[in-house]
Every structure is written in C-alpha cells, then in structure tokens.
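To keep things simple, chains are lettered A, B, C and D as they appear, and every chain counts its residues starting from 1.
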Amino acid sequence: MTFDVDKIRNDFPVLFQSSRGKPLIYLDNAATTQRPKSVIKAVSSFYENDNANIHRSVYELGERATIKYEDARVKVQKFINAEKSASIIFTKGTTESINLVAYAYGRTFLKPGDEILYSEMEHHSNIVPWQQVAETTGCQLKYIPITDDGTLVEDWRNYFSEKTKFVAITHQSNVLGSINPVKDIITYAHDKGAKILIDAAQSVPHMSVDVQNLGCDFLVFSGHKMLAPTGVGVLYGKTDILNAMPPFLFGGDMISQVGLQSSKWNDLPHKFEAGTPNIAQVIGLGAAIDYINELGIDSIHQYEHELTQYALSKFEELDTIKVFGTRENRGAILSFHSEFVHPHDMAQFLDADGIAVRAGHHCAQPLMERLRVPATTRASLYFYNTREEIDILVNSIKNILKIFSVESQPK
Amino acid sequence: MENLRELYQQIIIEYSQKPRNFRTIENAEHECHGHNPLCGDDVTIYATIENDIVKDISFMGSGCAISKASASIMTTLVKGKSLDAVQSMFDGFHNLITTGETNEDMSSKLLVLGGVHKYPVRVKCAILPWHTMMNGLKNECPDN
Amino acid sequence: MTFDVDKIRNDFPVLFQSSRGKPLIYLDNAATTQRPKSVIKAVSSFYENDNANIHRSVYELGERATIKYEDARVKVQKFINAEKSASIIFTKGTTESINLVAYAYGRTFLKPGDEILYSEMEHHSNIVPWQQVAETTGCQLKYIPITDDGTLVEDWRNYFSEKTKFVAITHQSNVLGSINPVKDIITYAHDKGAKILIDAAQSVPHMSVDVQNLGCDFLVFSGHKMLAPTGVGVLYGKTDILNAMPPFLFGGDMISQVGLQSSKWNDLPHKFEAGTPNIAQVIGLGAAIDYINELGIDSIHQYEHELTQYALSKFEELDTIKVFGTRENRGAILSFHSEFVHPHDMAQFLDADGIAVRAGHHCAQPLMERLRVPATTRASLYFYNTREEIDILVNSIKNILKIFSVESQPK
Amino acid sequence: MENLRELYQQIIIEYSQKPRNFRTIENAEHECHGHNPLCGDDVTIYATIENDIVKDISFMGSGCAISKASASIMTTLVKGKSLDAVQSMFDGFHNLITTGETNEDMSSKLLVLGGVHKYPVRVKCAILPWHTMMNGLKNECPDN
C-alpha cells in the first residue's frame, strides 16, 4: 500500500487551521496525537444513539452499550495479540495503569531487600510510582544508565542482581526516541526470576507490539497517544498474575458480593474496573484501533521511519543544533538543543510560525540531568506529518538561530 | 512574528546572551534558590542589604531569554533601592505581567516585559527571579 | 421560568429513537444521564479545533486547550460554590474520587481503634474503599441503620462515638431517593472531631449544593450522572486537608521535581492529577454545567420534585407494588418491588415496551439485605422526563402484573 | 412484546410461580450454592446419587422466572439420569442458550429456554442452576 498522506490528513479536521496566522504544523504527537473524524464520530454517535451504563442493564440501550464496550476490549486484545480479553484492563491512561501495578502488585509482593530496576530514560510516570513502592515496602531502586548517545548501555544485564524482583522499562523513550531491546530484557528478567512491566506509551501507537511474542508480564499505554479520546488507557497483564493481585480501586462492578463488613471480588477484567467506566472513551479507542488497522501498523511504522530519517538528515544542515539519540532503532521523536537558544524560546518562536512543538523536561528529569540540559525542544511525528512540514520546521529553526546569534550581537 | 516581537524585544535577546549581574556574591547574607517546575529552570539570587537598602545583588542559574532578561533588569533596577521601594516595584511588575497594566512610577526598563501577559505559560519565567528575590530579601526562602 | 420539556427534549438526540419497536422511554438516569447536543458538541469541537496536551505547552493549541480545561475547573468551583479552584480535583468518577480519599486520607491518617462511620444506604463505592482502609489500618467500621421506610434513623447521632474519626455518607440514596440531613451530620461530625465525605453523586445533578454552606471536608460526584461525558468526576476537598495528604497517583504533572531516587510534589490541584488528564471530558463537564445553569438548578429540582410526586401518586394505583422510601425529602428515584414479578423479569418486560429501567441491587447490597429483597426495579428520572412517560410506565407495569398473576394461573 | 414472548413462554411464567422440585433434601450428599453476581440472586442445589445415577434432586433460592424455570426443568429432566447423560445434557443446554443451536437428542422441554441466547444478560440466569448442579455433582463447589 502506498501511503497517501494528503488523503489521510483529510481525516483530521484539527490540522486544517491556521495558528498565529500560519498553517498549523502539529509536531507534538508524543504528548498527544490528533483524532480522526471516525474516532470523533464514534464518540458522538455513542452519545447520540447508544448511551447507557453498561453491564447488568436489561434494556436494549444498555445491551448495545455493553456490547460496544466489550467489543472494544476485544479490539485491543487483538491489536496487541493478547491471549485473552480478560488480560485487558481499561484505565484512564498509562499513568493510572502503572500506578495500578505499583499499588496492587508492587506494594503487595515486593519486600525489603528486593530491587526494582528501571532505566535512566523513564518517564516520570514510570519512576515516581516505583519510588513510592520503595518507600512503603523498603525495597531498593536501581537503574540502568544510558550512554552519551542516548541508548541503554550495552551491558544492561550487569544491572540485574539476584535481588531484582521487578523491572519497569520503557519500550521507546519519549525524549530520545530510542527503542529499547525489550524482548531481550524481558527474557533476561524472567531468567532472573523478576516480573517486568513495559511502558509502551510511545511504541504501541507506532509499531506492531505482540505481547505474547514479547512475553512481558505487564504492558501499558494511553489511548490519547494513538488517535483515541483522552481519558482512556490500557493495562495488559498476564491473567495468572492479575488474578493473584488484590484489586486497586474499590467500588461498583469490581465486587461480586458486598456485606457491611467485607466483600468478595469479581472476575477479571472487572475486578480492576471499579465504578462506571470511561465507556465512550473505550469505544473511541476501539475506533482508533480500527483506523490504525485500516492503514496498517507496519505501513505506519515504515512511513514514520522514512520521515524520521529525512528529518534527521535535514537537521544535519543546522550546525549549532544537536539532535539527541541515534539514527538506528529510533522512533519518530527528535529532541534537540541549541547552545544559543533556550528550548522554551525556541518553541515560542516556532509557535509564531504556526509550529507546535514541546519544550521542557518532557516528564523525564533524570534523563535531562544525564543529558546535562535543563530541557530540550522536541518535535514528535505521526503518520499525518509530511516532508514539507519538516522543511518548514528546519527553515524556521534556521531563522530563529539567526535572530538569536546574528541579529543580536552586542552593540 | 509581529506579536512575538512584542514579547521578545531586541533587548531581551541581548540580555539572554549578555545577562547583567550574572555572577555570585561570596558570603551574601541573602541567598535564595527558585525553581520553575514548568520547565525545570532555576535561578539563585544573591543580595547584600545595608540599612534597608539593597547594596549589591546578582543572579545565577539557567533559564530562557525572558527569565534572564527579567533577572538582568531586576538586579539593575533594585540595586541601591530601599526595601520598600523594591516591594512596590515588585507589585507594579507583578501587575504588569499578569494584566498588562502599567503605572506612572514604573521604570521604562520594566515595560519591555509588558508583552508577557499575553503568554500565560511565560509569566512564570518573568516573575521567577522576582519571587525568588523577594523571598531572599525576607529570608523566607522555602528551598533553603 | 416555565419548564418547557418538549423544547428541552430536543436537545437530547438519543431520546428520539424507538426501542423494541416502541418510542424509547429512558428512566435509568441514576445510572447515567443522557448528554445534550451542547455537551456532545463541546467534546467534538475540542477534538476538531483545540486538541492538545495541556499545561506547559508554549504553542497556541496547547494554550487554548489549557485555558478551556482550567475554565471548566472554575465552572465546577462556582457550581458547588467552592472557595478556591484548587479545591477541585478532576478524577474519572465518584468511585475514583472516594478511593483517592480512602488511600490518601484514610490510609494515612486513620489509626487502629479509630472508627469510620457510614450508613446502611451507601453505594458500594462508598463502602468497599472504607472496608479496605479498615483492613489495612486496623480501624473499625460502624454504620448508621435506616428505618423501615428507608430513611436514616432519627437518632443517627447515637452512632457517633469518641472514636469516630471519619464519616462517609451519601447525600441522596441511589436506590431509595432519600435525601439525608447532611448539613446536620456535617456539623455534628465536626463537633465530634471527625472529618466527613459527602457522596453527592445523586445530589449535585439534581439540586443546588453549596460546599461552603455545608462545610463538608470532601464532596464527590460523577460527570456522567449530570449530562457530562463518561470518564470524568470531581473530588472537592478543603485545601488545607488536601495539602496535608500525600498524593494518590504518581507520575507526570503531579510532581515539581523528580530525581532518580525521590521527588517533590506539585501544588494543588495538580498534586492529585497525575498523567495526561481526561481533558475533553473535563471540558464536556464544563459544558454540562453551562447547560444546567441555563435551565437553573432550582427549576430542575422543582420540576423533578413535581414529576416524582406525580409518579408516586400514579404508583398508588398499583396495589401489589411497593415503592420504597418516603414521599418527603426524596429525589426523583423510584425503587419498587412486586411479590409476583422478579425485578429482572419486570425490567425485561418493561424493556419490551421501550422503557429503560434498572433491575438489581444497584450496587447497594447491604441496603437490599435491609429491605429484605434480593433486588429492586428502579425508575430514575431527570428533567427531560415527562408525565406521559410515567403514565406509560405505570400502564406497562399493570399489564406485566396481569401477565404474571392473572394470565398464568395454574391450569 | 412478540420477541419477549419467545423468551418468556407461558410455561416459564408458570414455573416461576409454581417451581418444580423446589424444596431441600435433608442430608443430601451433594449440596451446592451458586450465586449470580449480576443480580444478587442465588440458588442451592441438593442431590443424591446412587450408582452414578441421580436419585433425587431439588433446588431452593431466589431468582427470576428464567432461573426458576431453568432449575425446574433441569431437576425434572436429570432425575433418574446417569452422570454421563447429565453431562451431555449440560453441554447441549449450554450450547443452546449461548448460540441458539439445538441438537437432536435435546429434550423439547429444554427448547422453551432457547430464546435466552438473544438476551446476553439473561444467559447467566438460565445457566446458573446448571453450573451449580454440575459443581455439586462433582463436589467442586467453590462456595462450600
């Protein structure tokens, strides 16, 4: 299939607007992607036609809503090739998914002396929950460092010890774009007797991810980074582990019997879905997966790969700009830095050209320390971005550099 | 870029490259560290006071052009001023960058930062050195 | 203002459909309400025009999204008359709101020997989290019983003791419709030195609620029960108490500084909003509040009150049907029971007439035990329901009773 | 109500009011309690077996018309049957109410419940007595 970007762009109404008087160029997809019409429609149409609370409803509307909600679960299951739909727990996002595991697995099963291992390139959402587990259980935090070029050190195995009981690692860095060798890490973790969680917030939207092939114990991602509505995320877990865990949130739907003094839990996946779920958002996530499947996740990946390589080459024209990360094994994220222009000033000037990028620590402060910068400017791509947009970005940066270093020589 | 030029007046870009009073003061009685959680930048203000007059003041740290310019202008303006005068300068500046309103006593140097009020996320950049200084002068520095 | 229901109904597209060949009559509003066009539009339009991640964005789209999100917070603040917008924490629903308080307040501040007091008419979401707090902290659970007619016992003060440290009570029962004297209970709890949470899931959508006037420490409710999208809820808390609590979910946005070993928390309300928030849903909640304000919450309450009184009178025509609860101090919820027709059969037959009601324990099993029924059938109203719909409901019940008790006499 | 009449055939309504084998069996070797978390209803099955033949069987509990009819029909049908026959009856019935498919060996009494497969939330009502019985007969009752 050839990738007809112009046609694809037509599916994204938000792209057709001007920002600061220029055509909008949206390059903040690692923060959140845009939504195609079909997803927006799936949500509106649910509210217009099928809206009802789910499970336990005996009326037609409620039945329809339940079927659509559970259908979406099966779509997610198939998308990441999980064995059972009971493995798919809907949350409000990656952050909640990780917290669920930290509370219900970490605080339950980790003991003083155990070690939790993560990497130096984790997102705060995959750091802070584990710090809390360490604080409450008395276990230790260790991390795998990264190299100067922004990849996991090659001898990452050396950071495992007999005490390593849990590994939490990102599939793809949200700053560097580096893709980690998670399959090897998962195998090694299991050899060492550790459980492992993969933060797939930046991988599932962009590449084919197969949880059975990977073999991970947990995998987490967010809908809003893959065309779906805000307010929905996924926790995949192996059912035997999920079954062994206590629930996280308590309330309606997650119990099978409640007395005034104690209660019994419901089966998976309901045990972990307390209260009225984010029904419309889950259905929207199903529609997003349909959209991605229509394009083909491999075609998306291929297109993004070529676009990234193009962008990396174009950035080479900018002498004083350093792009972090390697050329190989990287996703469509470009974090860059200029000695002369602070990342926020850079982003502000790009904004004036209608270009939406992100400046800051990208919720990865430990990584910023490692890179010895307070912040970076980050352009992150999705399949609706184009080479023309990259050209405009690079041109705009050129102008900004001029303003800051040429125009403003001390008088 | 018309609008942006209001935010980034030429002088702001200059200050970002040649900040004023950008140094430490050894054994300053007043030293305060401020941090902008929105971006991860920080600033440290050093000051000496004699008879309620700001004798010397300087800053260090990493930050954007707005924050460096703001710190440069601030340190230049408050040096030699009484603590009361500094407080009312702060009040006026705070008002300027959150609402865009000026007042007659305001130094024209401050006015170059007037465009900031249109960029809510950048207000913190401009005010950070000021907040940090005020905390430092009052010895109410939460970070110490 | 006169209440023009026909006009109002036009705002709710879902109502104009047939179900099982009959015009849909939606009477399951205590489970979830329907959404007006303006709310559906607010969500679509966000995705079509303003979609971006919020806070920290320096580009126009992100600024706009942030302003809309924070505007919605102020709308909620004003709607319940909170003193500060920092008191308004967005969650995914009532259940998460209560769990947040149970984890971050309950597990932190309650001690062995302390007592948590709730009532016999609580929803599971306001029971099970407290059972867990009791289990982990060693404090005791006590409850205020209800009378045979479904109201809180008059001597509810007697269930307080010197050990009562936390009270969790519903403003309005989701089964009986009974409205509890929460203002008195709050005052008394404070006299006794206890903190108090009000489950306002069934009150905020239907009546004016003023947290400053009530004086409660916490108040929780769900968007989807008040015209807003699924996947959004509110926790109101007094800022001094929220400040004293540790965070609940950990991750992006809720921290001000992250190191590889420890972190500092952000200010309220962000401290409790980890990760990318449910941005579109929060904005939808803002639009829902606009809609309610347009009608006027007092007019809504008045209309619903009259409709409920009408329904109660009509139900009196049905000899063999018992409606639970009193006539006074009740909201627009009618739970009823027939000796001859099981609640699920009743609901199934009503469904065949296009009438959507709920059958079951309504996530209130302890209350079912108290009422000595396994389940009830529940019709719950909102301001778009009409007297004609009540007439059809009552007629349909009459027919069902005939089918079950007359037609089917043993041959 | 046409469709609904397929679900609630006359006989189902009758059974709901006059359930068959609705009693306890004192000291039954096989007793099992089943619970439907969707609605809060429950059923207890009592059975005695001799030489792999179901000698006597009965049920108690609260439930909807579908579940009472299902339990009535089930107890009527399995009494006097071998455990093997009961197992294959269960398999056939399970298939019937989840897919609507019948098989030639199936008792026509079971067919009255065939409409259930169109009502996903009610499938559990019809199957609950069966699941509970199978658990009881195998002494694999999780609730005991």
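Everything below uses one rule, namely that a residue touches a chain if its C-beta (ideal position, glycine included) is under 8 Å from a C-beta of that chain, and two chains touch if they have at least 3 such contacts.
This one's a predicted model, so the numbers in the text were calculated from it and none came from an experiment.
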Subunit B to subunit C, fewest steps along touching chains: 1
Of all other chains, the one whose Cα centre sits farthest from subunit D: B
Comparison of C-D and A-D by number of C-beta pairs in contact, larger one: C-D
Subunit A-subunit B separation of Cα centroids, rounded to whole Å: 37
Whole-Å separation of chain centres (CA-atom averages), subunit A against subunit D: 47
Distance from the mean Cα position of subunit D to that of subunit B, given in whole angstrom: 79
Per-residue multi-chain contacts in subunit D, two or more chains: 38-39, 119, 122
Junction residues of subunit A, two or more chains touched: 20, 56-58, 255, 257, 344, 348, 351, 359-360, 365
Residues of subunit B that touch subunit A when the two form their complex: 1, 3-4, 7-8, 10, 13-14, 16-18, 38-42, 62-66, 119, 122, 125
In the complex, subunit C residues that touch subunit D: 20, 340, 342-345, 348-349, 351-353, 359-361, 365, 368, 374-375, 403-404, 407-408, 410-411
Touch list for subunit A against partner subunit D, complex: 55-58, 63, 66-67, 255-257, 266
Subunit C partner contacts - residues on subunit A that touch it in the complex: 13-14, 17, 19-20, 24, 26, 28, 31-32, 34-35, 39-40, 43-44, 47-53, 56-62, 92-96, 98-99, 102, 120, 123-129, 131-132, 141, 143, 222, 224, 229-232, 249-255, 257-263, 274-281, 344, 347-348, 350-351, 355-360, 363, 365-366, 369
Partner subunit C, residues of subunit B touching it in the complex: 35, 37-39, 119-122
